[in-house]
Amino acid sequence: MKKIEAIIKPFKLEEVKDALHEVGIQGMTVSEVKGFGRQKGHTEIYRGAEYTVDFLPKLKLDLVVADNQLSTAVQAIIRGAKTGKIGDGKIFVSGVEEVIRIRTEERGEQAV
Amino acid sequence: MKKIEAIIKPFKLEEVKDALHEVGIQGMTVSEVKGFGRQKGHTEIYRGAEYTVDFLPKLKLDLVVADNQLSTAVQAIIRGAKTGKIGDGKIFVSGVEEVIRIRTEERGEQAV
Amino acid sequence: MKKIEAIIKPFKLEEVKDALHEVGIQGMTVSEVKGFGRQKGHTEIYRGAEYTVDFLPKLKLDLVVADNQLSTAVQAIIRGAKTGKIGDGKIFVSGVEEVIRIRTEERGEQAV
Amino acid sequence: MRNPKVWILGAALLGLSCCSGVAADVGLERRIADLEAYIRNETATGPILSEVPGPGHNAWMMISAALVLFMTLPGLALFYGGLVRRKNVLSILGQCLGLTGLVIVLWWVCGYSLSFAEGGPFLGGWGWSFFKGVGSRPNDVYGTWVSHNIHAMYQLMFAIITPGLFIGAVAERMKFKAILVFSLFWMFLVYFPAAHMIWGADGWMNGLVNDRAAIKAIDFAGGIVVHMTSGWSALILCLLLGPRRGYGREPISPHSMVLCMVGTGMLWFGWYGFNAGSAVAADVVSSTAFTATTLSAGIGLCTWAVLEQGLRGKCSILGMCSGAVGGLATITPASGFVTPNGAVLIGLLSGISTYFACAKLKAWFRYDDSLDTFGVHAVGGTVGTFMAGILATAEAHPGLAADRIKSLVGHGLWLEQVKAGGIILVWSCLVTVALYYLTNALVGCRVDVETETQGLDLSEHGEGGYEH
Amino acid sequence: MRNPKVWILGAALLGLSCCSGVAADVGLERRIADLEAYIRNETATGPILSEVPGPGHNAWMMISAALVLFMTLPGLALFYGGLVRRKNVLSILGQCLGLTGLVIVLWWVCGYSLSFAEGGPFLGGWGWSFFKGVGSRPNDVYGTWVSHNIHAMYQLMFAIITPGLFIGAVAERMKFKAILVFSLFWMFLVYFPAAHMIWGADGWMNGLVNDRAAIKAIDFAGGIVVHMTSGWSALILCLLLGPRRGYGREPISPHSMVLCMVGTGMLWFGWYGFNAGSAVAADVVSSTAFTATTLSAGIGLCTWAVLEQGLRGKCSILGMCSGAVGGLATITPASGFVTPNGAVLIGLLSGISTYFACAKLKAWFRYDDSLDTFGVHAVGGTVGTFMAGILATAEAHPGLAADRIKSLVGHGLWLEQVKAGGIILVWSCLVTVALYYLTNALVGCRVDVETETQGLDLSEHGEGGYEH
Amino acid sequence: MRNPKVWILGAALLGLSCCSGVAADVGLERRIADLEAYIRNETATGPILSEVPGPGHNAWMMISAALVLFMTLPGLALFYGGLVRRKNVLSILGQCLGLTGLVIVLWWVCGYSLSFAEGGPFLGGWGWSFFKGVGSRPNDVYGTWVSHNIHAMYQLMFAIITPGLFIGAVAERMKFKAILVFSLFWMFLVYFPAAHMIWGADGWMNGLVNDRAAIKAIDFAGGIVVHMTSGWSALILCLLLGPRRGYGREPISPHSMVLCMVGTGMLWFGWYGFNAGSAVAADVVSSTAFTATTLSAGIGLCTWAVLEQGLRGKCSILGMCSGAVGGLATITPASGFVTPNGAVLIGLLSGISTYFACAKLKAWFRYDDSLDTFGVHAVGGTVGTFMAGILATAEAHPGLAADRIKSLVGHGLWLEQVKAGGIILVWSCLVTVALYYLTNALVGCRVDVETETQGLDLSEHGEGGYEH
């Protein structure tokens, strides 16, 4: 099984979700994160002072998939998240040794 | 060393923490996440409009343990988090290559 | 490629960021987390009642680096985050199988 | 537009013979006396002014009524709303809104009438139902220079906040519907009778105004009628309902002390309408009440701060807020009757007693009075009612020099207070027990476990307090 | 300081012969009549009081003016601000602030003059530009006992909130600059003329005061002038601007119902200044308006609660807030003209009609009136304007017994209301179309896609509403 | 209750012979004159009215006092609280609450007396300590028609907010205890003397009222007494305390512009009590002040908006809020003395000078006046005090036509303002230096590094502002 971590632009969530649903992936966990990268942040002005806020709000998607779903899932994410502009984000893939569904204590791919 | 990522229902945190303490695990990192899965979300109504909110608030626990603690830790989490109802969450286990305690620069299992 | 997850004290972010920039690492993703560990939390009093809040606000840094950057990156994080006091946090290193830049669909080290 | 009647009168005088001067003087004298009566908040007797409100007094009562509404929406809603967990904040706001709507309807239908219209010693009559005859012309009995409908509106705002207070004790677990059903009956069985007995002109325990009152109690702005009724009912209700899930085991802490403090400021601000407005005029008595209110709130705040600093090592924002609100609740029944120094003493006793109730009593007995309605309002209201009996003085309120009560002031008045307070306390508790079971049978009082876990906002109202 | 003129007059009287008693009485009589006129809010004729404001009335109007400002800052800002998404909250706050500043400047330059100074039937003159001649001495025409400058300030607060209302319909997508530019012209073409026609002493449709009004309409506190102008303009504006990106596809839900409810409480509180203050005195009429306002708000709240409970199974906090605000908007034109029972009826109709507009109409036609400015204010204002024509009675407002309007009351008044409302409605819509295109040409009306996605706060103001 | 004395007098007149008509007239005339004096806010001389407050004026002062308290709780608390970082929000709220409690106690003990009781030119006497003799009867000297205790309460609210202002400069790093200790001494050494010198009837610099004032300065509502004292002390305090850790290196930005804007709205609303209330009557002067206040705030807001738009390309919400608050602070000393056009000019100068101070001066000198207490209040108060000297006119305030000051108005008054302002400025700074070291020796002024890093809320108060 593989774990996919994708960093995406927040307003792309709906599209990514839809793209994943289409390929049959339902389970996923999302968190709000701040991204630092090549994309520039914005400037805030408070009375005289000007601040450069160099992080950007992003969403991180964690999804664990069976090995054979990996490439469809990755394709789906790219399809949903791509705008072609800087800051679209990254996808990281790594191995997962075990998955357990707490409710049933099922393990492995059934638990995904 | 292994990394355990557990997605649980928010109100189960106290019980999971207690169960982990019992088996001697103290260190852990928790984040607030939104879960998408089989469990249905809820409906919100604003004046005429009805929205289905399909994510659910969940907590993600990250804990890194020595290899020999893995199964006790997993059992403890299941004990604490299980309600038997849909949406109890998942446990993901993966390998960790190195652990460093920043304060002392200790490495490996001592650092856990 | 390696994934570094570092748990640090929130007010150390600026210093860690600077230290990483110095060694040429720009990309990273940060999230707000709650840490449980040896460092004690604090006590809150509401009218008569006293609560021990045993978690502490921490930041989690996720950064994926090329294998050859790993040790410089880890050193930089330690340099930036260390105060020598309890609760400085941990660094976890694990393997990453694939990295994809969504915008360009580049893969591997170029995508980092 | 100049009043034509006055013109005619003036023109007529021109035709009078020399020696009618004195008679004319008498006419003028009475008119002047009526004008002076306006300034002094006394009754006008002549035809020209007795049918209209006096602008200064009327203005003060309109703003006071608005201030008392502001105490509930959004004052109390924020004060309480900040103290619950994030998932239940809207349930508090919704209860404040729902009760406001409900009580407005009740008040219009018959609530005002049953509270204030002429009736029996225990309950008013039906004469003013649907505000029949309640117009802009002042009513002779309540507020000589204030429009009768404004008196009705002012009193309405008290009727709104009273059930609003007890939601604090049952927060985070009582059904929205149950609160409305319970309050509906409670208003008829507790509030309207209590208001009539203590404040109705022919009320059984109205020592200030009713010559024939059986118990000659005084309650300036609602220590008995508002704080004791709701506060003691709150205690019974939270005992019957049981504690929140996890109470005493898990941390259940305020989700926003900022909201709570904002609510405190609004309550304090609005309380000037509540207390100084209870003079039903902008006269000497309202000035007394304004002053006493400020001092008691400030001293209550300081007392909690000192106690917390001494006993806990840190003085908290919630502590200072609680002290201020406690000081305000405690001075309420006494505010128009005491000197500044009396108010300081009451503020001090308030701080000590409410701190003790919230920080110790509750811990000993382990009831879950979630937001300390009992600890602050019942305790404060009870202490204040008693102290009003001890400290009231005609120096502060000329009405206490009236024959009907003069001999009690400074002597046996405290006993009248104990009697009145005791009767209302026992009655409130008994009715609450009965209504709890009735409500439970009708709609169920407590939300189910799922709802309590998920939070009342989503389950009961289909909304969240804040963006996800 | 004692007035010296009075002293001299008094001393002079001592030297009068016996038989001059009557003459003296006449002098005194007139002075007493003036004092009585103060109490009764009638016009003083003598030299001593006709140049000064009367304290009670003046105090009421100062606090009323402050209350109406409070409705915008921060009342409306929070009510609307809570309903948008987190990323746009500051844009709402900024629009409220910016419009406040802009309208203050306009009002001082010529806005007050064009609205209230003597002029033509459709627009006032320039006489009071830069507040020339607008001092503390009451103006005979507007508020006998209220400083003229306070009348100007009170009316200013209405001019501020009116454009503030329509920002709700175009929230989250209209440029800050565009809102200011549009409003600048809109004030001249819609607000100043409407205010003059309906409220100006020589206004073309001022049935209450102007004997020669062509249309004898009544509008107590701004059903036409405030709610219909802004509400109908809002509809046109949101149609022309198009819906927000993602509207109808993605969930676009309030980021903080807590703020929204706090804003509702503040609006209600401030609305007493708006409605009861519109008597421009603390007299019998203000009392009537205060009462009607409370009842309609409460009944409106209950109506939404019952409808939501019945049709959706849950009664929401936003529903109760909408019902209350709807009830307040709807009673506005009628508030000083109707009995309590009339107000209850209006509250009920308000609840039904605004619920229907927000929950059904919008869904059918799929326009994006983002925060329901049309659904609440235009619908409420229109219903209330019509109902004022049906329910107004001289029993509630003595002014309706005046010859100029007496025969219409209870008969054809509703038709006058329809005419006045209809004309203003059509005019507001036409002007809005024209100004939309003008503004678009000048500065562009809608933000670009990037800005809309990122949120207006960061893009347009360089700030975020909350810490990151 | 009808006043019995009046009845007797009336009855007696019936027995008078014909020719006593004139004598009777004189009695009546004096009574009428007293009634007229009420309307005109002049002094009553007869026995019937001279002992009671006048309802309109008294109502206005009660609501004004409440409004000024509202400025601190929760207005200022939110305005400042929104501007600090999340971890320090409660510390601001706590400081506002703590100072409120402290100053209430001080005021009751001797603060009011030292500020306003008859005493020396520099400090009042002890006569009114513990509010001895401060009852509901008006005091002849301060507020002819306002209860003396209400005057005391009104002034109390000014004494509360003044130290509340300087916490903005030392936010996020000064100990709670240190603020209380410092303020305790500061009230005795700066506030009470300044209030007495400028506003005390026998004050050394009270040009408006005291014939024998050495410096004939005017300060309508506290430009010197409130804004200059606190603002200049703030500058010194933040210089001595040093900047916040990370200041200039890390972004330290407001955690909630929403709270800040809400606070701004509340400050503006309350400021009507502050400025228009400073007439101590609802008379012509209060109307003037109300008008000037509105205009200056609006113009200040616009000026910042235009400057930010021009110089930064974006107009921010904080900018508009700062402009409004700056406009309010700057008009304060002048508000009752200037025409509308004067107020507009002051608003403009306010916007320019406070923008310059906050955006440029601070950057040049790199002091950490955290929330711009100096930039807004000291600069605004100083500019306004000076401009009051230039623009004050008897047209706006009849008191300026009095002999004692007439010749200065329009001529050398500005010099008196410079003298008074300069003396208070220097004195405030000197005292602040001394008290800083004293406080440091007693309890330490600055929190330790850990506390500053973790945030003052948890460390100093054991609470967090928001749920974790």
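Read from first to last, the chains carry the letters A, B, C, D, E and F; within each, the first residue is number 1.
Heads up, the rule we're going with is that a contact is a pair of C-beta atoms (placed from the backbone, for glycine too) under 8 Å apart; a residue touches a chain by one contact, two chains touch by 3 or more.
Because the structure is a prediction, the values reported are computed rather than measured.
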Minimum number of chain-to-chain contact steps, chain A to chain F: 1
C-D or B-D, whichever has more C-beta pairs in contact: C-D
Chain D and chain E, separation of their C-alpha mean positions in angstrom: 31
Intercentroid distance (Cα basis), chain C paired with chain B, Å: 18
CA centroid of chain A to CA centroid of chain D, Å: 55
Where chain F touches two or more other chains, by residue: 18, 21, 25, 28, 32, 35, 38, 54-57, 59, 63, 253-254, 312, 314, 316, 318, 462-464
For chain A, residues that touch 2 or more chains besides their own: 31, 34, 44-46, 53, 55, 94-95
Topology of the chain contact graph, where touching chains are joined (line, ring, star, complete, other): other
Which pairs of chains touch, using the document's own definition: A-B, A-C, A-E, A-F, B-C, B-D, B-E, C-D, C-F, D-E, D-F, E-F
Partner chain D, residues of chain B touching it in the complex: 11, 14, 34, 42-46, 53, 55, 57
Residues on chain F engaged by chain A in the complex (per definition of touch): 251, 253-254, 308, 312, 314, 316, 318-319, 322, 358-360, 362-363, 372, 375
Interfacial residue positions of chain B with respect to chain A in the complex: 2, 5-8, 31-38, 55, 58, 60, 74, 77-78, 81-95
In the complex, chain D residues that touch chain E: 1-3, 6-7, 9-10, 13-14, 16-18, 20-21, 24-25, 28, 31-32, 35, 38, 48-49, 52-59, 62-63, 65-66, 69-70, 72-75, 77-78, 81, 89-90, 93-94, 97-98, 100-102, 104-105, 108, 130-131, 134-137, 147, 149-150, 152-153, 156, 176, 259, 460-467
Complex contact set, residues of chain C against chain D: 44-53
